[in-house]
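Next come two complexes built around subunit A: one with subunit B, the other with subunit C.
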Partner chain A sequence: MAASILERRDLKAPTDWVAYAFIALFTVPFLIFNVAPILFTAYLSFMRWGIFGPPRYVGTANFRDAIENDHVRIAFGNILLYGLTIVPGVLVLGLLAALYVHNRWPLSSFARVCFFSPYVVSATVIGLVWVWLLDTRFGLINHYLAYLGFDYIPWLTSTTWALYGVSIASIWWDMGLAFVLILAALQDIPGDLYDAVEVDGATRWQRFWYVTLPMLRPVLSMVLTLQLISTLRIFSQVYVMTSGGPASASTSVLYEIYTVAIRNQKFGLAAAVSIMLFAVILVVTLLSRRLLREQQT
Partner chain B sequence: MTVLTRFLKSHNMRPADVPIWLFGLAVAALWIMPFIWMISTSFKYPGDVMTADIEWLPRRVTFQNYVDIFTKYKVWRWTLNSVIVVVASTFLCVLAGALAGYALARLNFPGKKALFFLYVASLMVPIEVYAIPMLLGIIKVGWANTYQALILPSVGNVFSVLIFRQFFLNFPRDLEDAARIDGAGHGLIFWKIALPLARAPLIAATVIIFVLNWNNFLWPLLVTFEDDMKTLPVGIAAFTPLYGTATQLEGYAMAMAGVTVLSVPSVLVFLILQRYFIQGISSGAIRG
Partner chain C sequence: MTKSKFTRRGLMRTAGTLALASAFPMPFVRTASAATEIIHWSPLAASDGEIWAQMIQNFNDAHKDKGVSIKMEVVNWDDYTTKVLAAAAAGAAPDFGWNTDPRPAFVRDGLLVPLNELVKNSGLDIADFSEFSISKSKFPNYGGDELFQVPLDLMSLVPEVNTAHVSEAGLKIDEWPDDGATLIDWAKAMTKLEGDKVVRSGIMMTGAGVQPTVTWGIVAEQMGFQRISPDFKQVAVNPDAGKAAMQWVLDLFDKHKVSTRDVTDRYKAFGTGQGSIFWTGPWTLNGYLEQKLPFVSKPFPKIGEKRVTYFERGALELYTQKDPSRHQATMDAVKWLSDNSFLWCTKGRGASPRKSIIDRPDYKTAGAPWDVRGAFVEGIEYATAIADFPIINGADFNIYSGGNFLAKTLELVWAGQSSIDDAMTKLQEGWQKALEEG
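Right, the complex of A and B next:
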């Protein structure tokens, strides 16, 4: 509301030519390092280009190659699996942690720091720490699982488990963002909504189900979208923890793009897979925007 | 008893809440155990690391792992690279974002709406999608393994613009109007009035972009293939057992020393400026 009034006032004002100087410092690098490479990616996806010689137009051959490429197919299947494990994990744990900290019980700020802090460290830290924790023979996780009577699980070295090992580390890394966003939304719920149902004698569960959860729906859809997109982009953890292996079991689309480009030097194919990944991200974003809007009306 | 009831009451707790409260605290403590284990391992003798007994507190403490990573590997050099790259790119990104955000919120110029739309639309294309083609371009102009190649692509981070635009849109413009009547130009108003008032988004943007840049992985990995130009996260990542370097030879002790060093700056900045960090992240600017 405030924004639209301000903008209307701006329209009547004379043009501030100096504005172009203001935006230049941001816009010039933005155009060179964000916009231009995007256009270049689209161009390359229709070219065949190795290290030697100029790029050659090949039409949609790269896309056909990508679809027929087993590694690429496995990678798209894997990010689906990653999405099915990481996204619900992050959403549920983030919601529970936020509800807990929102009570403002003693030491809740300690809990807040604990739940959020993994989010601020680098993928290298996440990766190496979890490779050590998930070590088959001496890792902490298997050590304590053995107490509970489980056999040692080869978390990162077997084709069955590698993807889930990486997922556990990713949930630990990403949960902080979901947690903080949901916590902020909890704090924005007006208190009188709770007072109203309190009068009707609602139980704590009913208050959660009929007031909190509906009020959280926008933020939950937003977190869902953000997490879906960041899971589609999963790369660094995979790179550090498993290199996509064993036998492509934990590879991701970005990891395959990286392999195709850096190891095999097929830049056109890499660009085509990039465009396909972008298309998936775009569809997810637009669908969830649509879902959000339907909820609000 | 009365002490307990008073304690419960002052924190708005019912007796039935106490187990949940304690359970939650236990989970929170458990959640940071990987960090504790990381630090604990980093102070162990390599021979004490891969053992069947779990030693949370090392029986014998050594600093040798830290000495080793700085002397046997180029951790000094990588730290220096990281500091140069992160300071420069964060400074440029925040300054550029403040200027552009101010212009979008306060100034009137043709193309403003289109530009803003372009910024927001670009959020849908993550850098990973165009990193490889950008790398080809960077190699073509001879910028591989250079600081400018590490720094400049981080400047155009739209988050920085959005956080300042949001702030200036919601901030009363009376002071700036008064200065304008006194004949001050936009540049002067921005420097002398608007920017000092924008302390909160300035700190929030700096902290968040600092952490993002410090942890940046894919782009530095792609654009540096000389050991001397690696940044700290990329350099330390080579301690992973997969590549058969440090970890396989020396166990996890040194790897954990490396990642402890790597976590300290971003965790410290977060702990000290927590309020700004969390506010900045949840301010809505990130939603785009």
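Right, the complex of A and C next:
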């Protein structure tokens, strides 16, 4: 028996090209559209290149220019601010929305559609709608705030407010995914646990704090990581709503990369900023994963 | 009779072949033996775009049975240059494009087709063009005496004035201000305030972007500032004048309170009566006329020592093709468009660079009414603040931009995040660096 197995191993099996073909369906596009651009970006970050003609080696000049560039510096600061605004906003509101639907509070079926539907609309449409909603003079938001006695807030035209104006639209848009993921996790929590704490006389708050939240921790951790990465790469809303302005107050790193590369044809500088953004996302993601893992253990 | 065998391997082979065939479509054959389709890219998307589309349609109608047609593709203005570069690098550049920028880098890299010989063969009468427009279409440093662009329209930036607001303020449009101080008086009279907040701008501005940048550019040149010296050796000549112009723009918002930073879309805001005086280009005319906005255009006031306004020249340029035989066919089409640009220069955009068109008796009566169009045409006489310069990094100097080095430096001043002195120092350093590339 053992000998026959050995004999079979010795036989040279014909190459199964079909298997390779199946793998290639994923691998080839992945190499072409993911790996190759990343390698090319790394290469370009040491070059001066404007698409036409050969790139020229400039050493680390692009990185130096990026660090000295006021707008790039502001953009990196802004994405951290976006992270501090949008990520908690999405997490908290996504959780509240999921609890609302999960507990079958009034109109929960309708609410389920309302909470999720923004996510299926493109970011461009969301941006255009929110530009109108947040208009200083004619926007609905300021219109209703005026009833409450607030003065007009220049949501998208002041350096103080623009980042928050974009953040509001982003939270509204991104909340849908968080809502669905958290809702699915809520529905997976075994009912026995609630029965047990109820027998122990737990209040509604204690049930949430000691059962629901710990059981949701893995999905909250995932949502946090996904949202963090997504926020650090924020672009469409910025492009549509404020073009990064005024005075770069709402700009993001991706928007700066777009401006430098596509509008100004400085692809080397744009590549250097991309590499820097990659490093920031990597560090932030690793840190957040590590912190959350420590909390869980 | 043999029975065909349906195997997994056979299925995969067929699927693979089909997938490859669909992934790599047949190369686009651009030279048809019978008919020539000339590919044209245009960034024109405002109300002038409709007139340009009509021009292309007119060409196609006139050449229905002649085996040549133009296929126009509208390309976003912001991406236009990058897309042309990418297409050229891939060997698939359009045959010709409409553009306002000088293109020394394109000439240096061989992207633009030199036109002298083609112009001669096509019969286009270069002597009919104004010398100024032709001089702006040559790049002696990189292309000698060759012509690289065919001027199509000349454009100045002048104030459009809402006449309903003028009447409401008790002013007379015939007494339109000629100097900066009176302009501010007019703006104050037409501005509406709620408390200390401007809710209707006497002078239409935005808090950042093109409008404050181009305003600064015009006023700075009026006050004697030069972005670059005539010999292209020095940048930011007379910086004090540039600083004074920055202060003039800031004062519109903060001292005179005739403008607000709260406007995001200046075109829409003026069209909906949120502004009274709006300096802009003739591409807005069709849109405002269609929506029956009560307005006229007026000369740009003399705010500084001399009257100056922004100048822009629209031109057609040919991109190098793999098959050079396409160049002459394209040039012939460009000649037709230039010869028949009366519609374009009376209804679409700007003044004509061609003497034969300007001399036509109906030049002032055709197209948009003269009271809305006239100031744009007459403004050419003093429109000397050109957009950017024929140097490799000319775009960094462009005063009609919302996202270039200049605009980004200035927007920190408009937002109060940079001092005027710091901004001028940054402009001097940045422009000097840009100039060094040639």
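Structural remarks
The criterion applied here is as follows: the second predicted complex is superposed on the first by the 266 of 297 C-alpha atoms of A that agree within 3 Å, B and C clash if a C-alpha of one lies under 4 Å from a C-alpha of the other, contacts with A are read in each partner's own complex, and residues count from 1 in each chain.
The criterion applied here is as follows: contacts are C-beta pairs under 8 Å (C-beta built on N, C-alpha and C of every residue); 3 or more make two chains touch, one makes a residue touch a chain.
Because the structure is predicted, anything quoted here is derived from the model rather than measured.
With both complexes superposed, B is the one of subunit B and subunit C in contact with more subunit A residues. Touch criterion met: A:V129 reaches subunit B, while subunit C stays clear of it. After overlaying the two complexes on the shared chain, residue contacts for A:V120 are found with subunit B alone; subunit C is out of touch. Look at A:T15: by the touch rule set out above, it reaches subunit B but stays clear of subunit C. In the superposed pair of complexes, A:N78 makes contact with neither subunit B nor subunit C. Once the two complexes are laid over each other on the shared chain, residue contacts for A:S243 go to subunit B and to subunit C alike. Judged by the touch definition given at the top, the superposed model places A:Q265 against subunit C, while subunit B stays out of reach. After overlaying the two complexes on the shared chain, residue contacts for A:T159 are found with subunit C alone; subunit B is out of touch. Shared contact residues of subunit A, touching subunit B in one structure and subunit C in the other: 17-18, 21, 131, 135, 137, 242-243, 261-262.
Taken in their complex, subunit B has these residues touching subunit A: 11-13, 17, 20-21, 24-25, 27-29, 31-35, 37-38, 41, 49-52, 54, 92, 95-97, 99-100, 102-110, 112, 115, 118-119, 122, 124-137, 152-153, 155-156, 158, 160-161, 169-170, 173, 185-187, 190, 211, 214-215, 217-218, 221-222, 233-234, 236-237, 239-242, 247, 252, 255-256, 258-259, 262-263, 266-267, 269-271, 274, 277-278, 281-282, 287. Residues 17-18, 21, 50-53, 70-71, 131, 135-137, 152, 154, 156-159, 242-243, 245-249, 259, 261-265 of subunit A touch subunit C in their complex. Here subunit C touches subunit A in the complex through residues 8-9, 12, 16, 78-79, 81-82, 85-86, 88-89, 105, 109, 111, 197, 199, 207-209, 261-264, 274, 395, 402-405, 408, 411-412, 414-417, going by the rule given at the top. Taken together, the subunit A residues at the contact with subunit B in this complex read 2-3, 6, 10-11, 13-23, 25-27, 29-38, 40-41, 44, 97, 100, 103-107, 110-111, 113-118, 120-125, 127-133, 135, 137-138, 140, 143, 172, 177, 180-181, 183-184, 222, 229, 233, 235-236, 239-243, 254, 257-258, 261-262, 267, 270-271, 274-275, 277-278, 281-282, 285.
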